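A, B, C and D label the chains in the order they appear, each numbered from 1.
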Amino acid sequence: MTLIKDITFTQADIAKLEAEYANKRPQEILAFALKQFDNITISFSGAEDVVLIDMAAKIKRNIQIFSIDTGRLHPETYQFIDKVRKQYRVKIDVIFPDAAEVEGLVKEKGLFSFYKDGHKECCGIRKVKPLRRKLATVDAWITGQRKDQNPATRATVPVIQIDSAFSSGDRNLIKFNPLANWTSAQVWQYIHANEVPYNELHNQGFISIGCQPCTRAVLPNQHERLGRWWWENAADKECGFHEINLISNNN
Amino acid sequence: MTLIKDITFTQADIAKLEAEYANKRPQEILAFALKQFDNITISFSGAEDVVLIDMAAKIKRNIQIFSIDTGRLHPETYQFIDKVRKQYRVKIDVIFPDAAEVEGLVKEKGLFSFYKDGHKECCGIRKVKPLRRKLATVDAWITGQRKDQNPATRATVPVIQIDSAFSSGDRNLIKFNPLANWTSAQVWQYIHANEVPYNELHNQGFISIGCQPCTRAVLPNQHERLGRWWWENAADKECGFHEINLISNNN
Amino acid sequence: MTLIKDITFTQADIAKLEAEYANKRPQEILAFALKQFDNITISFSGAEDVVLIDMAAKIKRNIQIFSIDTGRLHPETYQFIDKVRKQYRVKIDVIFPDAAEVEGLVKEKGLFSFYKDGHKECCGIRKVKPLRRKLATVDAWITGQRKDQNPATRATVPVIQIDSAFSSGDRNLIKFNPLANWTSAQVWQYIHANEVPYNELHNQGFISIGCQPCTRAVLPNQHERLGRWWWENAADKECGFHEINLISNNN
Amino acid sequence: MTLIKDITFTQADIAKLEAEYANKRPQEILAFALKQFDNITISFSGAEDVVLIDMAAKIKRNIQIFSIDTGRLHPETYQFIDKVRKQYRVKIDVIFPDAAEVEGLVKEKGLFSFYKDGHKECCGIRKVKPLRRKLATVDAWITGQRKDQNPATRATVPVIQIDSAFSSGDRNLIKFNPLANWTSAQVWQYIHANEVPYNELHNQGFISIGCQPCTRAVLPNQHERLGRWWWENAADKECGFHEINLISNNN
């Protein structure tokens, strides 16, 4: 399927593309995304979605990458982000929350309000607003989310979709999830086979990695999502990055 | 099947029992073992084989338990052994290596000879000889080994066997492996469902746990055996506890 | 000496006050400061300057406190700040850096530029600018700096001074250093005697505490300043908070 | 003062030597000890008494060194002992406790009896008996104890003494304490100036180092002895190594 650049995708276009790419390899989906969009960025969380960077770097030079620094990441995650920057010789847009918003929340509720009031308020300020600001500057983005990460919220993640949660005005933001159909095991096979660097926290029992106070190591055989916001229900365990998953009829 | 106490089992008896018990639940195998033998002991490594203790404590009072303290266990493992002792109100025979043997090895080769010369020499002194000394005092023992722990060496572990590696003279030592057919996931389901205490190291990425210098956390999706003697081949990754596994026609 | 509120202190006034208070106890200096100024705030770094909060809370209700969250503090420091907030039932103004400035530096130089380019640039963005913004809203501030913390830069710290580095326009910002003449040992005696909470990092060999990547534990008998910006000279080991120390004739 | 080898020192000889050497440098005391006795050994705890090994290695080849491995040292201490062995190319007699004694105590009281019953019983089995066995094979030993380590028990430690606690029968065991008059600060100056390797635990807030469950990091300005057996009185904080300190008229 050949698509002409700068065309705004309709729901019908996306449906057709999803049908075409759903069973393709992550690298093919990624190659299509990077070819189709000039102004497209990879979302890097500091965890095993580093495979997207490794794959992209083998497809094209000068890829755009961003990461949200909530101000509360693990020291190991900051080190890992910088390691990736150096190893792949890429600039990474590290997006930071708004001072006034953080200050307002913290003064009122302290630095650990999420344990009591739920993580949505804090994630909203430290993650989602900075993300929205970043996504307003691009036409498409690429994420590492996978169906197996959260059966309650990600079971139907498509490989390509209109991200209506972050689209604005007249423009549809396109979202690619090239790893949607991969399992955690496949991601790690790729990491080992390609000697991709990984976050040191993975050596300490961490699987999924988010902010320091809201992430923990999991026990053997525990689902990775139990390492995130463990005081909340599985269905609430989304920070807002992938709000589109929570909107019905989302493809 | 009713067996009379104090009869020495023959290979034929064991074959019959194995056929009878191979598909039974661990608790049934354990109940049989504890009923059949008065002088029987549970081998506790300080890891998830704690489920054997939990199961046994629900079957019978005054169970015998032993653990080999090689002198090089993790601080967390010593704490865990003591936690189990207190919680289940049991005495644990903590077996210690012979001073002269440890001193001889360490003077000659230092405290980390295993990284260079392989773990067998050190395991021999710190684990296997103390084990042999302990096993010489009982008629049967119960271990937590499972087929899924090491495909290279444990794939055919039976639930009951004559332990010819540790039998002596005229007497056959019987070995029970009630968890042989359970998966790691089943063991952990049991731990969670029964609120069984577990070693803190399991919160730090450790699955299999042995001596401190020879055990490490594993990465997500890595097989637990990669956390043991990682500088050696899978087929060598047995400390000698289960030497019977390495003897052909072992059932 | 009785001073009338809302009078702007001159250099001469300050000299007279310094002479009067130089040898007084920290609590007396603090009591004077809190009585003299309504709009005065305590600077809390998340380290042992917590004693100022303990002392102030015994003098007066509703003290103002602020802390600079550079976005790179230790997890233990965030926990400690919140512990202090709860235990003393105070609101703490946690001041955050400007997103655009942080993003600009990090995109250009990565997250660890200070190891190569020195800490001033990063401190400027993450600490000094937020501090300047905060100090513009008060008439006076109270810090925990002591002469013994850095012989190269703090040997002559007075207990009261005009902070010309952060004064602006027509107004003199007054700075109180009630602990200037105390030793580290005295601070810790106070902490133990008054059961003041302290940062967990102090249990891990940390004495002075700043940002995570720029602070480390020190060896026995090492001066605490060796735990800060260890790749730089002692005379450069100021983040800019106490720039007045570096200005000659600083009263 | 010239002494003839193989002469048994009397109390009068020792008193004379103590007068002569009390104010000499550790290296001079050590040189005398090593010259005077052929069968003399340095006691190495795995902590900062490593300076004795560094000093001795500069005086003489083939020095004897021993260390008591209680079976409960920190992983970092085992690593450090081996590092010293390799760096100084020395064999170290690592003395191990008697299996039956350890097993007896642990079966009866568990692995942490010292928190309840005091450390003497466990130290007796894991440290003092192995020490006694080792000391029975030498004519003299050299220790790193210092007056400043424990004002309650070590304030009068001489540089040379008859160790009547470990002498036997017709023979006087001589004990040298070359660092008796040095401060902790002097020891660490020596370590830095001579690039002597040190235990990693010193980077984590540990000053004095013993067994893992009975040692902890200390807070800033805390006396190092507070890091040992913290649930007991200062006057009891000796493991029995230096029992002679507790005997009155100990020369």
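As a working rule, a contact is a pair of C-beta atoms (placed from the backbone, for glycine too) under 8 Å apart; a residue touches a chain by one contact, two chains touch by 3 or more.
Keep in mind the model is a prediction, meaning the values are calculated, not measured.
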- Query: To reach chain C from chain B by way of touching chains, what is the minimum number of steps?
  - Reply: 2
- Same or different contact residues where chain B meets its copy chain A, judged by the half mark: same
- Chain whose mean Cα position lies farthest from chain A: D
- Query: Centre to centre, by mean C-alpha position, how many angstrom separate chain B and chain D?
  - Reply: 38
- Message: Report the inter-centroid distance (CA atoms only) between chain A and chain D in whole Å.
- Response: 56
- Note on the structure: Averaging C-alpha coordinates per chain, one finds the centres of chain C and chain D separated by a number of Å equal to 43
- Task: Return the residues of chain D touching two or more other chains; collapse runs of consecutive numbers into ranges.
- Result: none
- Item | Pairs of chains in contact (touch as defined earlier), listed by label | A-B, A-C, B-D, C-D
- Item | Touch list for chain B against partner chain A, complex | 48, 184-185, 188-189, 198, 202-207, 217, 219-222, 224
- Can you check the complex and tell me which residues of chain D touch chain B? 69, 71-72, 74-75, 78-79, 81-82, 85-86, 91-99, 102-103, 106-108, 110-112, 130, 212-213
